[in-house]
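These are the structures, in structure tokens.
Across the two complexes that follow, subunit A remains constant while its partner is subunit B and subsequently subunit C.
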Partner chain A sequence: MIRILARYSILFVLTLLVLAVMSFSLAYLFPGDVLANLTGIVPANDEQRAALEKQFRLDRSYLVQFFYYMGDLFSGEWGYSFTSGIPLREEIGIAMPATIELATYSMLMALVIGIPLGYYAGMRCYSSSDYIINTTSITTYSFPVFWFALLLILVFSLQLDKAPLSGRISLLFDVEPVSGFILIDILLSDLENKRLAFKDAMSHLTLPTIAIGAISTASIVRITRRSVIDAKNQPYIAAAMSRGLSGGQIFFRHILRNALLPILPLMAIQITTLITNTMIVETLFSWPGIGNWLIQAIYQRDYPALRVGMLAVSSLVIMLTITVDMFNRLIDPSREKYEHAAI
Partner chain B sequence: MPQFSLYEEEFHPSPWQRTWRAFRASHIAMAGAVLLAIFVIFAIFAPLLTPYGANEQNIDGLLVPPSWMGNGSISHLFGTDSLGRDLFTRVIYGCRITLGSAFITVVIAMLIGVSLGAFAGMLRGVRSSIANHFPDALMAIPTLLIAIIIVAIFGTGLVNSMWAITLALIPQFVHHTRSLVRSEMKKDYIVASKLDGANKWQLFTYSILPNMTEMLVVQGTIALSIAVIDIAALGFLNLGAQSPLPELGAILSDGLDVTYLAPWNVALPGMTIFLLVLSINVVGDGLRSALRKRVNH
Partner chain C sequence: MLASMLKRVAVCALTAVCVVSCAKQNKQPFYSTGVVYCSESNPVTFNPQLDTSSTTSDATSHQLYDRLLDFDPDSGRIVPSLASSWLVSDDGLTYAFQLRRDVEFHNTDYFTPSRNFNASDVLFSINRWRLPTHPFHNVSNGSYPYFESLGLADNIANVERVNGYRVEITLKRRDSSFLANLATDFSVILSQEYGSQLFKEGNPSQIDQLPVGTGPYKFESFRKDSYIKYLHHENYWRRDINAGVNALTENIDEGIEGNTEDNTKDNNEELGVANADTSVKQLIFDITPRSSLRLAKLMTGECDATAFPAQTELEVIRNREDLTLAEKPGLNIGFWAFNTQRAPFDNPNVRRALAIAIDKNTLLEAVYFDSASRAKSLLPAASWAYQNDADDTAYNPVLARRLLAEAGIEPGFSMTIWAMPVERAYNPNAMKMAELIQRYLREVGVEANIVTYDWKTFRRHLQEGLHDSVLIGWSADNGDPDNFYRPLLSCGAIPSGTNRAMWCDKDYDRLINEALKTEDLDKRRAIYHQVNRLMFERLPLVPIAHAYRYQAYRNEVKGMTINPFGGVRFGGVEKVL
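Our next item is the complex of A and B:
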């Protein structure tokens, strides 16, 4: 157990280190002058250039620069955005929870709907209800997420006028950001009309969550169904049947838990897709999340923002993936010993 | 003396023939295959099948509705866009660019991924550990993020977005190749070849690669559907193919400006992407269950 934990922590730290190196080297890879990319200032004369180089330690060796960069990252001085002039740490601190919130609700939706449906379809495999579920899931899975989100906007926001078009909450409500999660913030705040604010935030959340969640749900249904069918064909199920266990007993005592095990590592792969979809949907709904923020940054060629934003998002995804994988390794004794940490 | 050989009497279908039979038995899979074949034909023969040029403008016919609507005309089957370009022509060319570049992307990713995966699968010890985990962990980075970084370094364009998607697809191939090579290396026929004195290269090319083609075909269809969606998504976000180029995502994002006036400019390219991805997924699914049936019997 301790060995597994140690192995995963080493993997995690080394990966983050590689990511930090990549993020550091981006300043040199971006087109144009390194100094201008880092500071946003095009030096007017040589003296100013020399002063700026000294301030940003560009006159030192790469290694020294990298150590200072790491130091800055840890002390929270992530630099300033070109476009807004606000410290990047603050901007990411607001944008990141918004994305995590959206992704969490979509994942919850996918789990709550997807796993029971997958079990149902898997237990009745090759029946007509299974075909219906399977066909629906493969169709939903094929929707390009941006088109699906556009259709939702066209139908529910513009035609039926049931849901708001963009943003997280109506501007009428002034919610103090504490945790960064809008629903929790509303509950924590001391607004007079909390209930209304909550309802408003929910109506803003619904469409983006459905747009992202539908596609995740479809893939979870497929994964679960496959896993249940595989578990059903195992010899221990035949043994249980020959001992005369009822269908319910077989399902609850043998299939339910055994089918869940292979789902977990596949869900780790889903996280990456989930974050990509969230980032795309955010731009369509003007959701103030990290995806929208990064895409605005690339439109503006805001290099310091891209550099730190890339590090922040990839660290988040890798942290999630490694945690899920480690959890899976800890609870699944059947994974072979020599097969080390893998995602 | 009877002139027959017991072994020549019976017809033994090859593994691929048996897979094809199982595939053909499923109507849904066949429908998907036909749809995909139509898309492929459209993609290959686009210049012969389209009535206009991809960027040819008809200034007298801006935003003409599709032919099945009341005031549409048959000279523009899918109507025209805000610059008077024939939408049918652009969608067909769009299939060509999107499907073609997705296909190239998948082939490159497969070549690189399989070679890296084979290396990682055959190595032992610390080197194997490094070769296994770093690609895995680093490639958990979302596609869109890789694309954003590549666009920031090299600028926008279809080719750059293809590179980004290649980078994002490689780890899947590495992962699957590696686990397959590892499990095959433990089997008896590999031990037998080893005892015959085969070196690692011979082991890989003569013994493991033939057993890997099926996995590669199935993974290839999955990767193809991901690549199509991602290329279209990057085109849609203006990070990939740029506007005059008829790429399905870029056409969709052009149409977004005139959604109210001409909803078919959004509906039809989106529908095409959807059908394209659906047909690839259905074929991939059918292929997978056909292979499973063959292995089980």
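Our next item is the complex of A and C:
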């Protein structure tokens, strides 16, 4: 147990270190002034430049620079955005939770709809209802996410006028960001129209969540179905049947949990796709998340923002992947045979 | 089994649809308490004295502030605002303004006014841009492009407080456009009390970021690339703007002679009581750079009004019953300016060659569709000094190639065309125009590279003169021709960054100065015709188009008018669901 934890933490730290090296070298690889790329501050005169260079040890060797760069990263001094002049930590602190929120709801939707449907299809495999579910999920899975999102906008926002197409909540509501999750923030706030605000936020959430969630749902349906079919074909099921157990007993005692186990690691792979899809869909729905923010940074050639943004997104993905993987390992001792931790 | 399965799917689908449709309840009265305006970009500052871009003046000028005088949006005449009346001396050098007494400043989290508006505020606001010694002059970079481009500060001899509610401004030379300049978006009145409070706290630059004014809305918050939030100013002196302006225009002729104060005040009070509660409580600028998204938001009702609908979208708006498209010929000009301080563009023949290498009519069709008229000089037809028979360049690539060869420009010569990154009425799609020009120039053996940056950087680099040529334009702030000729091409306008051609010509400056010395319109018109001739000969820039102005809004919004003399106005706008 401790060995597993240690292995994963070493893996985690090393990966982050590599990412930090990459992000640091971006300051040199991006065009323009290294100092400005690193700090986001364009020095006004030579004196200021000299002082800043000294502060960031640009006069010393790369190794020393990197050491202090790491120090700045940990103390939360990530530099300033070129375009807004706001500390990047603050900007990411607003954008990141918005993305995580959207991804979480989409994941929840995928789990709540995908797993039961998958079980249903798996239990009735090769029947007509299985074929319907399977076909639908393959079709949905093949949708490019941006196309599907645009389709939703076109139908539900522009044609039927049922849902808004941009942002997290109508700007008329003044919600104080506490947790960064809009629904929680509304509940925590002292708005007069809490119910209305909640409804408004929900209506803003609906389309993007469906757009991202549908594709994850489709893949979860397929993973679950496959796993249930595999479990059903195991000899112990035949044994249970021969002992005369009822269908329900077989399902709840033998299939449910055994089928669930192989699903978890496969779902971990979905997290990366989920985050990527979220970032794409955000830009379409003008969701103020990290994907949208990074795109703006690219348009405006905001190098400090790109440097830190890349680091933040990749750290998030690595963190989630490693955590889920470790969790899998802990609950599934049969994976002990894979000696080394891996992403 | 299939049936039960289908039933389940149907139930799921129905619930999903219900969640979506039940969520949409914009008819709630709450939604009529705020107006959302989809604007195209971030304001550079919250003080329009410091910036000439229309994004800044849209966001601030008529929302947060008032001016001494205003333009009537329909007639273009100058009407009283914070100054209830004014007198001009016989020699045309002294202007005396009588100020309103009942005007309150915004009460915000960061400032609580202890007194009403008075003469000190006028002195503070004007002296800030006028006097380099003023404690606030150098705050926020200390650059006042509009006033600098007109050389206004040099012409004011004195601004004097006669008593608490009377101010006298003395000029050095006659300037027939002076009152018009005081009515532009940039001549806003700031709070002197707020200024001195900030000065004491040692944080003077806050005055331009957390603004205080007397306008119909007060500042609440701003997040770059997202939104600006304004709250309704409870004690706004002009309770109902539309009624107020009408009442004022009726009195305008008397206004020039003085003493309409009581009259208009009574009018406003009467109307104010009747309309006190219908005005909106919040005004929100939803910053949406993409024009198609602004239109989409307008259609779903997430925006109540939008800035700069693209030419291709006008038909869509006209065809929808829930939207209104207002249009008016605009006081603007879109042009292609050469950086005349860089070789080889300092050679008028090179500029001429490039100018005749492009076909303006194609640009008009492809970029403006049918919503602009071809520009010959700087002035649009709406101006009184418009010259119908002004000389114009004609498309002639053969001559262009010959001129280039004579000027020693080798085929394959490469130059940059800077295309502005934002949409403006005068140039709705600079990128597309740049691509078209690029193709025309290739035919005469010139390789053009298109350059663009975000708006703020773009303007900074332009001011530094890093461009070879640029596609940009100008929206006038008042109907006076001087408002086109001086900021765009005079020597004084180079440092302030409105002279994109970086052009300085003694003859040009002499002529436009001469035009201001007389109040006789015929004489001024004749001088401006000479100026047009001069411009045609030396071609520092190629005039391309005068565009119509459009504003799209939802039918629920009442009281929106197009202001041809500058920024959008939300004072007096209501929303009826």
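Everything below uses one rule, namely that the second predicted complex is superposed on the first by the 315 of 343 C-alpha atoms of A that agree within 3 Å, B and C clash if a C-alpha of one lies under 4 Å from a C-alpha of the other, contacts with A are read in each partner's own complex, and residues count from 1 in each chain.
By our rule, a residue touches a chain if its C-beta (ideal position, glycine included) is under 8 Å from a C-beta of that chain, and two chains touch if they have at least 3 such contacts.
Quick caveat: nothing in here was measured; it's all calculated off a predicted structure.
Aligning the two structures on subunit A places subunit B and subunit C side by side, free of any clash. In the superposition on chain A, contact is made by A:Leu29 with subunit B only, not with subunit C.
Using the contact criterion defined above for the overlaid structures, shared-chain residue A:Tyr68 touches neither subunit B nor subunit C, since it reaches no partner. In the superposition on chain A, A:Asn193 makes contact with subunit C only, while subunit B stays out of contact range. Across the overlaid pair of complexes, the angle with its corner at the CA centre of subunit A and arms to subunit B and subunit C is 100°, in steps of 10.
By the touch criterion defined above, A:Phe56 lies against neither subunit B nor subunit C after alignment on the C-alpha atoms of chain A.
Between subunit B and subunit C, the smallest C-alpha to C-alpha distance in the superposed model amounts to 6 Å. Residues common to the contacts of subunit A with subunit B and with subunit C across the two structures: 299, 301. For subunit A in complex with subunit C, the touching residues are 83-84, 86, 113, 120, 124, 127-129, 132, 153, 156-158, 160-167, 170-172, 174, 193, 196, 199-200, 202-203, 206-207, 210, 286, 288, 296, 299-301.
Subunit A makes touch with subunit B in their complex at residues 11, 14-15, 18-19, 26, 29-31, 135, 138-139, 141-147, 150-151, 154, 271-273, 275-276, 279-280, 283, 291, 294-295, 298-299, 301, 303, 306, 310, 313-314, 317-318, 321-322, 340-343. For subunit C in complex with subunit A, the residues that touch the partner chain are 1-2, 5, 9, 12, 16, 19-21, 23-25, 28, 30-31, 33-34, 36, 220, 224-227, 229, 282, 284, 286, 288, 293, 296-297, 299-302, 453-454, 456-457.
Partner subunit A is touched in their complex by these residues of subunit B: 28, 129, 132-134, 136-138, 140-145, 148-149, 151-153, 155, 175, 225, 229, 232-233, 236-239, 249, 252, 256, 259, 263, 266, 270, 273-274, 277-278, 281-282, 285.
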